[in-house]
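The same subunit A turns up in both complexes below, where it pairs with subunit B and then with subunit C.
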Partner chain A sequence: MDDMRLTERALDAGTTKIMARGVQVFYGDTHALRDVDVDILDRTVTAFIGPSGCGKSTFLRCLNRMNDTIPVCRVEGTITLDGEDIYDRRVDPVQLRAKVGMVFQKPNPFPKSIYDNVAYGPRIHGLTRNKAELDGVVEQSLRRAALWNEVKDRLHAPGTGLSGGQQQRLCIARAIATSPEVLLMDEPCSALDPIATAQVEELIDELRANFSVVIVTHSMQQAARVSQRTAFFHLGNLVEYGETGQIFTTPRDPRTESYISGRIG
Partner chain B sequence: MTDASAIRPGIRASLMTPDTRTRRRNAAEARFRLYGRIAIAIGLAALVVLMGSVLANGLGSFRQSFLTLEVHLDEKVLDKSGARDPEAMKKVTTIGYGKIVDAALKATIAAEGIVVEGLTDKDVSDMISKEAAALVRNRVLADPALVGQTVAFKVLANGRIDGYLKGRVTMDSAERDSNVSPRQLELADALVARGILAKSFNAGFITGPDASELRPEAAGMGIAILGSAYMMLVVLFLSLPIGVAASIYLEEFAPKNRFTDLIEVNISNLAAVPSIVFGILGLAIFINFAHLPQSAPVVGGLVLTLMTLPTVIISTRAALRAVPPSIRDAALGIGASKMQAIFHHVLPLAAPGILTGMIIGLAQALGETAPLLLIGMVAFVRDYPGGLFDPATALPVQVYNWTQRADPAFVERASGAIIVLMVFLLAMNMAAIVLRRRFERRW
Partner chain C sequence: MTVSVLLFIILAIGATGYALGVRRARAAAGGDTRKLHSLTGYHGQSVLLFSAVPALVLLGLWLVLQPLYLDHRAGAMIAVADIPEGGSLDLVLADVRRVAEGLDLLVASGGMTEDDLAATGAADSDLKARLGGVGVALAGEVGEGVFEAARDYRHATHGLSLAMAAATIAAALAGLVFALRRIGTDYRARNVSEGFVLLLFIASSLVAVLTTVGIVASLLIESIHFFRLYPARDFLFSLTWNPQFRGGSDLGIWPLLWGTLYVSFVALLFAVPVGLLSAIYLSEYASRRLRALAKPAIEVLAGIPTIVYGLFALVTVGPFLRDWFAQPLGLGSGSSSVMTAGLVMGIMLIPFVSSLSDDIINAVPQSLRDGSYGLGATQSETVRQVILPAALPGIVGAVLLAASRAIGETMIVVMGAGAAAKLDLNPFEAMTTITVKIVSQLTGDTEFASPETLVAFALGMALFVFTLGLNIVALYVVRKYREQYE
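Now for the complex of A and B:
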């Protein structure tokens, strides 16, 4: 199986953005993730699929060191971003997270105005020199998140007053306002209705032009619709990783096939 | 498929008639509701009785009997040299002024043509509070030009006469009382009829200093209010920053290990330590070891801070824990540092809870008596404290003090002070509610 993955990698057209080798994650005594090797490509949407508790969210949270906030969590192996080890002692997770943004499962806008939600990242990272520039960043981010037309007249209304789908797009705008290089999305549509889901999926496809997007999803249709590459996790193992089309049409591992056809879950 | 009726036979009864099981469950619920109502009724009744008795006893203290007298400030008595030199005039004590006031009342009685059988000079002079001479003396020393003139003064009547006007002293009780005679009460009736003796609002009760056992009519709680206010300032400015900083550290930064567990358990235990223990601690540390002055609001404030801290820490931690973790994740996910996430997002959301806890802690500290007794705030203080290091007393201690005194007039004073204390507590709780409403946000 390893051989197959190696040949696949050789075929990759894009450049590698994030490279994970031999990643192990432990929660206390529980071995949550075993020996994961993944290359995440630049300007590509990568989907992580798998049944609940398979470790896909855990792995996603390793990529911007959000697992650091969980005291019992321990990560082994190497993960590099543009060739730099993100778990090196010299790396400040705060700087890393400015480069690797994250959107969560449940929309979690700050209980502040729409403008302040988007402006928060640029403000704390000192990305803009004056109000006009900040206004520009806010507008651009909201436009990219396909939210600008809906909120441009009420930028100072509370972000928590928006609908669920709008809130999630606001969170995406907030994440891209810091100009990250990678955007991690942890089941971004699980709390949304089908219309809002479609909007967010369309948005993810557009974001591919500028970012490398990694999305964890429970919906295989969604993975098939938005991603170019898919990784299938099962019981803490990375079972199969490859082109989305190949994973869904000709999976090489029987477990992948069972999951995709709905026999295990 | 299993047959449902096989499991529960006889369940096919009509919906219109409840079965015994349902009836029993409903009856149990009705009983439970009744118990709840009874408990609340008992609580409310106790509250009404308490408030009623405090108000009935204490409201009188806000109104006091005053005599309006035309006092002739005789130059021969008050300033023999005639130089109007305040230093020389200070040699005349309140005894000299007392005679002048007595003379003024006697003159008034004569002028009004009041005749009371067997009335002695002592009876007349005892109508007036001992405080009256001091009042007149202070006015004259402040303005020596008044000497030689006849000036109208509103002076306090004696506590027993005040009690008679308020119904506490009657002709019967006066017969048996060595401090007041029925003749004086007759005279009081006559003076009331002529408008010379009347009750009016007594600002001195709220602003004035305490008075000795012999003149309850002059006792006030100004120093106690000031002392309590100083202490609350100390408590606010120490326990809020210390408590909030400690809570943030413990809740957000501290590693979870045996040592922090121990600290947590101890903080919870400290909240349950009897307050008098804090008083002993304050006596040992602040007065005997640090040599801070006794009876000073700064020491009282420090002791109450120690006592309030556990309350503040516990409520602040609860408020911090109540902020949803998604807000923290959101901030960290954008690349905020832990401290930025806390100060920009978590703390503003926790603020209403923290403020409420702080105000509840302050209210608790305001009503605390036992530790203050130990650090000497029970002392009799006549001079207004100029700062945190001057002797003062505190409201609840003043209440305690007054209830210890023999004269029944002090019962009224104590209840009046309780009313003031409760007004402050009520105001603080209202402030807590208003702040919580104002800052409450949804997420």
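Now for the complex of A and C:
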């Protein structure tokens, strides 16, 4: 996409979906993330950029409480989803993760058939009433992940037998099959070739119509191509957060400018 | 010259060869080892291998073949008349060897000179007493033929031992010279020693394969002897096991096979769920500290000798089951039962199942767990639907390993389930297994050539075929699922 047009990009005046205030994350004694305040808008693609180890993936994993599975990890501050505190004692992380889906860096299809991979979420959450409905959800999810035409004749072949790009799209189909409200993507294209990357990026743009998407990426071109809003993290701090066009053309913080122009990394 | 001295000499030649090879290679390169095709160590190694390995192989072959040759030679000297009534050539040959050994000892202890030995004959009245004096006790008088054979045997042994020493040392030296002469800057010592090492690896794996073949062959030969004396149809289809050492036995395998399967089934029924669930707990739920304590504690079970498990079955589990289950339910009154042996064997198998499954479950990539949690699955849903299917091939392997342990187990069955061969469904009835009967048929004072004894080999063969079948099934299952999951 032409950088000159970044600033003119149409923006939904979306409502705030996720609001984070004063988020601190500790791994044991290490203070991994300090004072992060972010508002993630509905039906918007938000990109987190920054050098390795800056805390962007850590913050992403806070949004669906995946950090709960790491015993030494401690999260402070408030994160709300639709105004509800997700770290509240009454919130069941399992239900939260059904609403906030996640796609990982490395494609991780389950050792099951393609169909069962996609049907996994709807089955464990009881989202469908019968087989026909489940079939419909599987087909729709695979179609939206742009994978249906490639796998419709072999839905019962193992998901692990697909190519890397297909596996990643299968994981995306699996994540959207539970109809989440927010989709978190942790460097979803880092293991993919340019063609598969383009397909996934196109897909992300389409998903914006229904979900709020948060994507962590190392590629600034990718952030510029797919996102409407960008947050720049550096050394555990949120340095700057704003519209993608503004971040890439007129960054307010000198660190952002250095990173974008390739001087720090 | 004894074999150990010979071994030492060969190894010394090999070590010298290594040093010489290194030096010669360095000399060939004119001190600049970069000019060599291979590192100097490889040159040394090639000399070591060429001098030691052929000599050692020759030594091994010689040691195997020499007794065969000597027996053949002595056997030719024994007349039919020398073989006593009811004896066999093997027994006479054993006598020959003992007499030869005794003569050796006599000469060594100074009780007889070489000249005396040449002069004496079997008629010498005090020969037996003199042999007894050096610790070689003989049952009967030494016959003329046996004595002559023994003297010849002794003579030939000495000659052959010397020849062996000479031949092996010559082989080692020839290898040394041959390998040393080949060393030069362009000599590809690395490739040669790699190839040699490859041959060694192949030979080592052949040893295992050939041993298996040998075991099967010996089982097979004895089984064929058995089936000549006892009809195979009765063995395979008769439903009674009733060996009579006076003859006229019923030797049907079914009661034993049933007992084996029943006891193993009870054991697995107990061990697989307990082992698998504890493996899941240890790998997925337990904290690291608890796991570090609990896993070795479970593995201690694997270190208990089976005879101790047998005692546990006999003294504790058997009476407990009898008093609390069998008698109140009216199912039996003995403390020996399939249930006793099965339960105790199950306890023994827990560590096999749990420890292996735990390792396998731990090997399932964390990304699969993350993926499942990320979709909002609970921990038990993740275990059930993602982790267990991914770990299934390994778990099947663990279970089948436990199954073959169960089928081959003897001591716990003897002490827990008794020795009565029965076809019964009642788990509180005493039964027995194939392995127990193999032991009881082979021990005791019985004639070796009777079907009652030889049946042990047929039973062993049946057991072997059975576990082989189990292993094939296991391999098939593992391979099938592995194709799907990787």
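Following the convention adopted for this analysis, the second predicted complex is superposed on the first by the 253 of 265 C-alpha atoms of A that agree within 3 Å, B and C clash if a C-alpha of one lies under 4 Å from a C-alpha of the other, contacts with A are read in each partner's own complex, and residues count from 1 in each chain.
The definition used in the following text is that a residue touches a chain if its C-beta (ideal position, glycine included) is under 8 Å from a C-beta of that chain, and two chains touch if they have at least 3 such contacts.
Model, not experiment: these values are computed from the prediction.
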Clash or fit (per the criteria above) of subunit B with subunit C on subunit A: clash
Subunit B versus subunit C as contact partner of A:M102, first or second or both or neither: both
Partner chain(s) touched by A:A224 [first = subunit B, second = subunit C, both, neither]: neither
Footprint overlap on subunit A, where subunit B in one structure and subunit C in the other make contact: 64, 66, 69, 71, 94-99, 101-104, 106, 108-111, 120-121, 124-125, 160, 171, 174-175, 178
Residue ranges of subunit A in contact with subunit C within the complex: 64, 66, 69, 71, 94-99, 101-104, 106, 108-112, 120-121, 124-125, 158, 160, 171, 174-175, 178
Touching residues on subunit A, where the partner in the complex is subunit B: 64, 66, 69, 71, 94-99, 101-104, 106, 108-111, 120-121, 124-125, 160, 171, 174-175, 178
Subunit A partner contacts - residues on subunit B that touch it in the complex: 255-256, 324, 326-337, 340, 344-345, 349, 441-443
Subunit A-touching residues of subunit C, taken from the complex the two chains share: 287, 365, 367-378, 381, 385-386, 389-390, 484-486
